[in-house]
Amino acid sequence: MFELGVVKRCITRADRLAADGLGRFGASTVHEAMGRVGLMKPYMRPIYGGARISGTAVTVLLQPGDNWMMHVVAEQIREGDIVVAAVTADCTDGYFGDLLATSFMARGARGLVIDGGCRDVKDLTEMGFPVWSKAISSKGTIKSTLGSVNIPVVCAGMWVTPGDVIVADDDGVVVVPAAMALATAEAAARREANEGEKRARLASGVLGLDMYNMREPLAKAGLKYID
Amino acid sequence: MFELGVVKRCITRADRLAADGLGRFGASTVHEAMGRVGLMKPYMRPIYGGARISGTAVTVLLQPGDNWMMHVVAEQIREGDIVVAAVTADCTDGYFGDLLATSFMARGARGLVIDGGCRDVKDLTEMGFPVWSKAISSKGTIKSTLGSVNIPVVCAGMWVTPGDVIVADDDGVVVVPAAMALATAEAAARREANEGEKRARLASGVLGLDMYNMREPLAKAGLKYID
Amino acid sequence: MFELGVVKRCITRADRLAADGLGRFGASTVHEAMGRVGLMKPYMRPIYGGARISGTAVTVLLQPGDNWMMHVVAEQIREGDIVVAAVTADCTDGYFGDLLATSFMARGARGLVIDGGCRDVKDLTEMGFPVWSKAISSKGTIKSTLGSVNIPVVCAGMWVTPGDVIVADDDGVVVVPAAMALATAEAAARREANEGEKRARLASGVLGLDMYNMREPLAKAGLKYID
Amino acid sequence: MFELGVVKRCITRADRLAADGLGRFGASTVHEAMGRVGLMKPYMRPIYGGARISGTAVTVLLQPGDNWMMHVVAEQIREGDIVVAAVTADCTDGYFGDLLATSFMARGARGLVIDGGCRDVKDLTEMGFPVWSKAISSKGTIKSTLGSVNIPVVCAGMWVTPGDVIVADDDGVVVVPAAMALATAEAAARREANEGEKRARLASGVLGLDMYNMREPLAKAGLKYID
Amino acid sequence: MFELGVVKRCITRADRLAADGLGRFGASTVHEAMGRVGLMKPYMRPIYGGARISGTAVTVLLQPGDNWMMHVVAEQIREGDIVVAAVTADCTDGYFGDLLATSFMARGARGLVIDGGCRDVKDLTEMGFPVWSKAISSKGTIKSTLGSVNIPVVCAGMWVTPGDVIVADDDGVVVVPAAMALATAEAAARREANEGEKRARLASGVLGLDMYNMREPLAKAGLKYID
Amino acid sequence: MFELGVVKRCITRADRLAADGLGRFGASTVHEAMGRVGLMKPYMRPIYGGARISGTAVTVLLQPGDNWMMHVVAEQIREGDIVVAAVTADCTDGYFGDLLATSFMARGARGLVIDGGCRDVKDLTEMGFPVWSKAISSKGTIKSTLGSVNIPVVCAGMWVTPGDVIVADDDGVVVVPAAMALATAEAAARREANEGEKRARLASGVLGLDMYNMREPLAKAGLKYID
């Protein structure tokens, strides 16, 4: 948060298999598997529906209305990364469009998570480059003031350290610390393992009240049924 | 609003034919047919476009960040119902996902209207279970504090009594009191009856100014044309 | 902003070729070509994705909750116009629906930009009549108080003079003063001319850092690379 | 919510002593005493600090941008009432100013709670007429469309029946159903009774952890202390 | 809105007596006297209560996060002016503090109206330099990109031409075009003239219903009284 | 962000003299002295005006609608601390009131910074216990789910490590990392040293344009003066 004008080239990325594998579970399951933490604020929305990605975070801290550092972060992208962009003040300007997306894709980025605005939505949709942002805006930016690359940042209320795993889909964006990636993947897998059976039982008309044995604790808490 | 820990099992649902029939008119026409009342706040948005439903309300009052009562309300759902969920404080957490939707569908629910958050948007879209919510969020909830089921609630600024008719589509969500369902259906039908003719005239270039005889009242109100 | 009860019939529309041609560039490019000005606030969103239009503005100033003037402006529409609707106070009511759209289309309008609410979203989508609005709402309006037609208005934070060019797409809405239309079209064309080459170079892996010669100014500004 | 154009003259006001007495406890204590319900949304703010009132509700349902009914409700005010004003759609216009306040005071009103805007803040402050509103705005209103007086309304997310007790102070606005007024006053009194002792103990340095015996349940829930 | 990098030195200020005199009526009365127009959005709030000013506008268009032009506009201030600052994009940064206020006061400015953030609130309050802003924020700004001085701007949704009269108090900010200043002052004076009598009658218990002869139009509109 | 159910007892507080001394400069100056970083979002507002404090952070992570951990953090407070409370999801409930304030004061706390709601505003004002919060709300909370104490948290968009220095006043809340406290105090002192002279020159009518030698860079950037 506090170093400006710095680009860190060497970061420790989370385990590749865990980073790639977490995407299959989606943001909601991963968030639960972590113990209900790690979620960015729900104002972060995908520019188009249906995308689900995971990858390792490279971070960039931008100044309001200034996208200079977007070009600096491009060089630090490796195959399988997701760029996470924070801004030092609230700003909805359109920091990112189709040219930068072309560059990011060429470097191997899987998507962008930006606590600011995005533009060229139609082009990005056609290119299949997913972006989660807080706004869509044509508003242009300048290239004047330094921010930083690959320092820890706060993006949409969540702390992101370079190398963390990002999982993003229609439900939102979750951050998994690199050190927790493997354990989280296992917890998510366990969580999903018995969901199929649960789903089948609920589909057959069994109530969650019975399947989860809730009737007794509800009664104990004082729930009364009246006619 | 004021009873916590209560589940009302017997509610008087609106006339089934009226409840089912109102859906064909859509939220905007039904709202007009009621005399321009009954509309929930416009922050209530469908999680996917194109759905249009009507049905009878079963209500649930949730505590912030707690979806325990969602399992309790499931048991009270009958074929043709729509669940209306209010929360005792503003909260965008994801109270509802694909497992609950599976259960609600098995019980005959046609959709959910929730003054809070929803998750598993991709799954719900594939299942074709429509939800109108104020947010989309992965944020998990707990099961700790009692709310109530089938008491009158305020949802997105509108009073909902169990058994009322809910009409929801891309335009928003409207509540029709059970006692007004038949009259509203008739008024909506009358309203639509001559819309076809109006549409044809407007499409042919006739102006609303002439079709609705507005020129005289506008002049009387002082409207001046200048070049 | 200040004359109520006035309809101006004679307005000077921007050059037709320039007005039509600007649409091809889209809102973001046109905004940049003007020197990064002219953009309405980003809360203006299309009711459906994918539309891109340009045309000449006819303006209407509405009173909150009152759409009387919408019928008055319809008569002033000519082929190739876009209606720009401002409101004298913040209001999300649904001022516009499928009947008015039928009338506007019959008069030759290409779309509507409204700093208020819109309804009948499903019908408008099927009709292919694009609307950019600040809200979607069934809330009905009355016909009681005069506003004005074809006076300059402030819509979503931007000044619009009747006859100005409007460019709108998924990225937002831009206003080009009539007198700047031709020059802006030329600037936009110049801007796009070398974008293809840039895109190809970025796609091949060349960095913006090198393509735009940013390394030296970044170093001069004090950017430090660390490991 | 659903009857327009109606003025109910006879309403059953809550017990006068209970209504008057609840003010002494303030909004937060009364809200707790009711079981943590009854609170309007926190966007309702006093136009000046320090006022604390309670009284019986007379209600008015306004149309957006129209304050005609404010004059109608004035006639229904009795000594000790608080006017509660709802609007059929979100609107921040200034429905209320010093002339209406003069009239309301003359009729015996103790204050106004309005889910809309208020103006003449300086005059109202000097007159000592407290208002809780969602906005302060000079925006003028018209007198054109009927609403209703003394029907149940939803104000700032809370259901208010004419005759209910309203308690308002710097913390917010609470609604106590008339039938619960006495019991709530008693519960609030019990709640306050031992607060003095608690405050003294906390002031002496005793921890809530010990005073409320929280250490064991916290440990049981899994709380771990580390160095 | 569209010229950047320009400082206009010669502007035509509204009639001095009218500009000074309008302050006495306050924002709400002036807004009504203009025919209910001219009001900035109600998110513009004074940094301290009780101030009421009027004066002639000098305008400045700022870039987001950049207060360079604030120093440029200082030179254009004359005795009796109020600075009106717009920003090319939404931004809450603190563009203005005690040093600039010292300079503005020395030049004769009576206050600042800024569609952005302000800081040093404590100092400005002690200095008695009133500011109406959309935010209070310590966030610092840079001096890097040109805006303009004394061009027409849109500030908080309202069009302001240099030389217009600004009236600001606890109720909000109103803009009176220079050419309307005298007529508006007269209309405001007429409006106030009979307010004293009205106030006295209302204070004595006369109802607005009778004083304004509303009973008949209300009955004609269909208002029904029930018990 | 990621450890729940943990209380860290030993934290390294910033240098006491630096922590105490920073308060004298206020939030805006300290934010500038750090290089324009460290500022919480401007929605954090003091519950009463005029307070200015600095101190060392003890942190607490709360669950939405649950203030159990507030009692746990109380025990970790030492003389000169400021409690910084974050919540795992957006929630405006009233987590803090006069009893907790009594306890915090007895432990030596100088104030509270909470990314949630506060109540008992009147009592807290009389006690002189300052709170910066995002909302004021009577809404009660439960004591059911564990959070953590003295782990790093994100509060109002800013990363806070236990022991950091907090500076808060009418302008907002700034976080100074413990390791930067001394250097920041020195930078702030340097910054203020020549402010007196600047203020005097500006007060005498000297323009910032001249005092800061801005005329040449403005001309170089292309600024044009016209009449």
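For reference, chains read A, B, C, D, E and F in written order, and residue numbers begin at 1 within each chain.
We take it that a residue touches a chain if its C-beta (ideal position, glycine included) is under 8 Å from a C-beta of that chain, and two chains touch if they have at least 3 such contacts.
Owing to the predicted nature of the structure, the values given are computational and were not obtained by experimental measurement.
For the pair chain A and chain B, chains touching both partners: C, F.
With each centre defined as the average position of its C-alpha atoms, the distance from chain B to chain F rounds to 42 Å. Chain E and chain F have Cα centroids separated by 31 Å. Work out the mean CA point of chain B and of chain E, and you get 41 Å between them. Touching two or more other chains at once are residues 36, 39, 88-90, 92, 137, 139, 145 of chain D. Contacting chain pairs in the structure are A-B, A-C, A-E, A-F, B-C, B-D, B-F, C-D, C-E, D-E, D-F, E-F.
Taken in their complex, chain A has these residues touching chain F: 1-2, 4, 34-39, 41-42, 88-90, 152, 154, 157-159, 177, 180.
Taken together, the chain B residues at the contact with chain A in this complex read 5-10, 48, 68, 70-72, 74-75, 92, 94, 97-100, 102-103, 105-107, 117, 119-122, 125, 135-140, 143, 145-146.
On the side of chain F, the complex with chain E involves touching residues 26-28, 31-32, 36, 39, 42, 45, 49-50, 52, 169-172, 174, 195, 198-199, 202-205, 207-209, 212, 214, 218, 221-227.
Interface residues of chain C, counted against chain D in their complex, comprise 63-66, 88-93, 137, 139, 142, 144-145.
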